[in-house]
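This structure is in structure tokens; I'll ask about it shortly.
Every chain is named by a letter (A, B, C and D) in the order it is written, and numbering of its residues begins at 1.
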Amino acid sequence: MPGNSFGQLFRITTWGESHGPGIGVVVDGCPAGLPLSEKDIQVELDRRRTGQSKVTTTRKEPDQIRFLSGIFNGKTTGTPLAMMVENSDADSSKYELIKNLYRPGHADFTYDQKYGFRDYRGGGRSSARETVGRVAAGAVAKKLLARHKIKIFGFTRQIGEHIAQNFSQKEIEKNIVRCPDKKVAEQMIDAIMQARKEGDSLGGVIEVIAQGVPPGLGEPVFDRLDADLAKALMCLPAVKGVEVGIGFEAARLKGSECNDVFITKNKKITTETNNAGGILGGISNGNDIVVRMVVKPTSSINREQDTVTQKGKKAKIRVEGRHDPCVAPRAVPMAEAMVALVLIDHLLRNQTSQL
Amino acid sequence: MPGNSFGQLFRITTWGESHGPGIGVVVDGCPAGLPLSEKDIQVELDRRRTGQSKVTTTRKEPDQIRFLSGIFNGKTTGTPLAMMVENSDADSSKYELIKNLYRPGHADFTYDQKYGFRDYRGGGRSSARETVGRVAAGAVAKKLLARHKIKIFGFTRQIGEHIAQNFSQKEIEKNIVRCPDKKVAEQMIDAIMQARKEGDSLGGVIEVIAQGVPPGLGEPVFDRLDADLAKALMCLPAVKGVEVGIGFEAARLKGSECNDVFITKNKKITTETNNAGGILGGISNGNDIVVRMVVKPTSSINREQDTVTQKGKKAKIRVEGRHDPCVAPRAVPMAEAMVALVLIDHLLRNQTSQL
Amino acid sequence: MPGNSFGQLFRITTWGESHGPGIGVVVDGCPAGLPLSEKDIQVELDRRRTGQSKVTTTRKEPDQIRFLSGIFNGKTTGTPLAMMVENSDADSSKYELIKNLYRPGHADFTYDQKYGFRDYRGGGRSSARETVGRVAAGAVAKKLLARHKIKIFGFTRQIGEHIAQNFSQKEIEKNIVRCPDKKVAEQMIDAIMQARKEGDSLGGVIEVIAQGVPPGLGEPVFDRLDADLAKALMCLPAVKGVEVGIGFEAARLKGSECNDVFITKNKKITTETNNAGGILGGISNGNDIVVRMVVKPTSSINREQDTVTQKGKKAKIRVEGRHDPCVAPRAVPMAEAMVALVLIDHLLRNQTSQL
Amino acid sequence: MPGNSFGQLFRITTWGESHGPGIGVVVDGCPAGLPLSEKDIQVELDRRRTGQSKVTTTRKEPDQIRFLSGIFNGKTTGTPLAMMVENSDADSSKYELIKNLYRPGHADFTYDQKYGFRDYRGGGRSSARETVGRVAAGAVAKKLLARHKIKIFGFTRQIGEHIAQNFSQKEIEKNIVRCPDKKVAEQMIDAIMQARKEGDSLGGVIEVIAQGVPPGLGEPVFDRLDADLAKALMCLPAVKGVEVGIGFEAARLKGSECNDVFITKNKKITTETNNAGGILGGISNGNDIVVRMVVKPTSSINREQDTVTQKGKKAKIRVEGRHDPCVAPRAVPMAEAMVALVLIDHLLRNQTSQL
């Protein structure tokens, strides 16, 4: 199957390019009867929007969502929910200059190789703008999950050398880098502003936590919950790694240190620690789901770099479009959306596990 | 769809439990005309087999592969290739003792939660024995890839604190931990033997490299090559994290450090460095594909641990079955198989990208 | 998976309701490089449009297609092709009267049962208006097929008691019922006008022929070409039966009468007769593909019928909306579209059958 | 995706050739907790078995089912249920004679075209022997459906010119052609014996009825219940047409004759007549599901026919293997199995339609 759909029972299909008429998504499989308004979607789109703070790109897209189908009298009908955002502040002129050059770290070269040519305006389909559709669909997923008392939130754990040391959930949405550590947040902001000044960019680590996930979600042996989460996060732009729970730290531990011991708490079986990140054997165990992803520093930098032309000739390039100096802050709602999409899908799938 | 199939065009479905009649796989979508013998499969199964060295479990399974369908006159017919291995050395008696206890770090609890009960003999379906089918299918994938000059190999990069410092591809299969650094291999072996003596276990990191992959593989935006690789590795038992190329290191880098500059070499466009791990925008760029996964220390340890019974009562457990003190060495062929399955699938999928 | 997508490699997802903002389709998997304009689509939409002749409903929808993504410089990019038609002449007022009644032969009752409620305006999602998206996608498929010298055309074989006796391909699009027999076409038109006058409706049989289909298309054992064609036609509104080649007539024949004998013609192996309708063992044999479907008489009739309310109380109903007295003429382009979608999908799928 | 899997949530994958080691199926998605024994499967396999009466082929296959996985303590575990039947009475010698000839009406030519060569022994994968796996899986589906009070039965409605006039359900399994009309059954048997004597074969029509199906099953707009049933039946060997309810008769009717009027009966809304065959808008309406399929006369006939060699040279062929002179009687359990597979799949899918 082609690659623009995600999910099995709660299935989304995204479409649209950075500088085309618009960006959209079709959600198929949303159960009927969910009260849903455009406002429910807009609040999440506003969190991923460009131009929301000084650490993001200055491209200004209002990203106004419009329902095209699937809603009747304020409720989902069970038939496809189509949503769309018109593109407005697309400035393609700057791309004319670099349409024959391959931007280092970008998909220009690989799209050309795969499809024979590419829509070079703003990255076309490879633009992070495509995630508008995902975040919109994720907002629906979140609302469905909320009915099952499942809550999802994400935050920036690391930018460059700066790693959050303290955790205050309330702090997260109060600062523009979405870091749960107020003091480190300020360091992150400084580092980003400094990188922008130097025409450079920074990478970072995002963490997403899902609370209230019941045990039993995940379909071994391939559609394990962790495996689907890994795919969900890795298919976001700029992501180069994914971890669950203890993650890569597990390499250094002994079994006696890493195993989460089972205990009974409030008459429910749970684990004392959560190195597993809430998943055992690919199935949720009722503890918090904890996942992380790393985003590389933005490829588009306002510095001269070596590259080649489409014909392979040596050239210099400086990418002057409007770009985030660090994608981490805006990647938080994207990561949350992907986690929400995986969880709602597995929640639906798990309904048929037993007689 | 249920979770026991993997791949879109080269699609495998595995079946079987640790202590059932056998373990098998159906490969659907293998092109017709590939010369294939049981020996082609056996060589890979022997690499993942138990009892192959002192660092693996002592369970002795010959794991003799048998073709059940899909071959005629020594060639694949284009119809389903079914393969099976009979279980032979299954000793279920030890599991009677712990059938009402939840082993820390195991899927006992989550299978019970999901399905209402579980086949407790040897972990049932959650056993790593299930990967026999994957490795068998991966052997077919490798043979197909070889016709396209694509070669895959994996190795152990880290066990516990021991990290390979030097890289010699020839060394890998010469030592029992499959480490490309002879000296570190010895340290790893000592560490494993020591952990076994203490009734404990160790984690590790596996790396897989695919050479000769043409540019163009991967289906944005969801079935990106990196995303499918992430899922492929994360759905192996005990894996808690996955990286592509520079991986989590990307968080600390600046764009000017992380970007791989395009160059022309032997009249082909390539990149000077390979921080991307051979993938840009979810599509292969012609450079080596480089992926890593972390395996947690084996959950089954011969030490007393706290746990609870199925009814939630406090209990003690000591897991006395035969287990690998570190799964890394045997996980190498498993990881290779998963990478091979992803690559052949995307190679087939890419055939329809252009007119 | 949810039910609003069709096809494996050339995959369409339709969305939209009769009286919502619009109707659309996302085509995923269209190879890059196909020259495509909105005019290519419009010509097919105009053939399915309402109000095109006196035998169709008087609802007037211009059905102007708009590309939303997937085209760059006049060619498909290989990324999702999104298309949309705005709804304009939707008059929902008449539906207020019958929103609590179940129209005989309609999906009102079953949608209520399945989803708990329904969008009653114009049938909502169950309206034949949904096929706008299919016909638009089918136009793309036809253009791709034309590059492989595959041509598809359909016609009305039967309306009520009137069955085409002669076959002239040129005649088909010259008359408003799309019948290849000029004389019978007139009888059909008279019969439809008479039925409309009586507030009644008529059924019919549509036949579609695909010429130039190479041998080898179809994926046994489930995704046989005939099986996928059967599903493709049966999922059109009002269809109650599907046949391939000789169809139901086969029940009366002996093997010696039914078998198509192999011959060599122009150095190619073919069959003397075509009772098989171009398909053997679920795979195309190079002969014309011949399929038929029966459409029931339009359920909405301007006559009083017995029915019940949503609460199950006896009631009378007369459906006064604007409806086709016979859907056959407009079902011809719909059936062609579905056949085209199946063929392009299988053409792409067959590219990986052999090494 | 390759073509050897069927179903979305209750998904089967069949494997095996007529003269290979065996025939099998993997059922993925069967809910955990269903009591299931090999006897449950065997009873259905015995109904499709060869050699069960004088009107079937004399090939004698005991078709003894063996569970390979997915059962623990007599219940399904929720993990893949693998089942296998060994081939025993395969006599490949007769096929040597015709391996270079194309049997009229067979898949020999199309398999060669698709795959480059074929397993010519007994038709290989295109043999009706492949349906063993379907019938085995169908037996599981039937058992699950029975828990929901859904009952499925099929019968032979027509063989050659002989059409059942009376309907007695009890009669069906009492005669060897599975006809609900005792008198016509005898005529059918005589006709088959006569055809066999003449080295010829007969076609027929099978009808399947499902009782107790709740309203709401079916996923518009493509995975409509009728569309999936059409595919399910059309992918059986030798089937050339499929009908639901009134079927092709609908072409001759007026809307006022064809519409099933809604009534209330036992406090439930239902329809007075059942021309719709229990399906409206692609969704079950609670009435009996009624489907029919036509099977062509067996292609293998013991008479000299014209054909060509693989190289296209004229030749004569007489097919002397052991074949059913009419497949209708043995096709009854096959058709039932396919209907059962569709219904259980849609029953599971419908669980997520509403909040």
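Throughout what follows, contacts are C-beta pairs under 8 Å (C-beta built on N, C-alpha and C of every residue); 3 or more make two chains touch, one makes a residue touch a chain.
In this text the structure is predicted, and so the values were computed from the model without any measurement.
When chain centres are defined as mean Cα coordinates, D lies farthest from subunit A.
When the interfaces A-C and A-B are ranked by C-beta pairs in contact, the top one is A-B. Put simply, the C-alpha centre of subunit B and that of subunit C have 46 angstrom between them.
Measuring from the averaged C-alpha position of subunit A to that of subunit B gives a distance of 26 Å. Measuring from the averaged C-alpha position of subunit A to that of subunit C gives a distance of 39 Å.
Counting partner chains per residue, subunit A shows two or more touched chains at residues 1-5, 8-9, 14, 29, 32-33, 78-79, 114-116, 125, 220, 353-354. Of all residues in subunit B, only 1-5, 8-9, 11, 13-17, 20-24, 26, 28-29, 32-33, 66-70, 72, 75, 77-82, 84, 114-119, 124-125 touch subunit D in the complex they form. Taken together, the subunit C residues at the contact with subunit D in this complex read 1-6, 8, 14, 102, 104-107, 109-111, 113-116, 125-126, 130, 158-161, 195, 200-205, 215-216, 218-224, 226-235, 237, 239-248, 250-264, 267-269, 271-272, 275-277, 279-286, 294-301, 303, 305-308, 312-314, 350, 353-354. Against subunit B, the residues of subunit C that register as touching in their complex are 1, 9, 29, 31-34, 78-79, 144, 147, 220, 348, 351-355.
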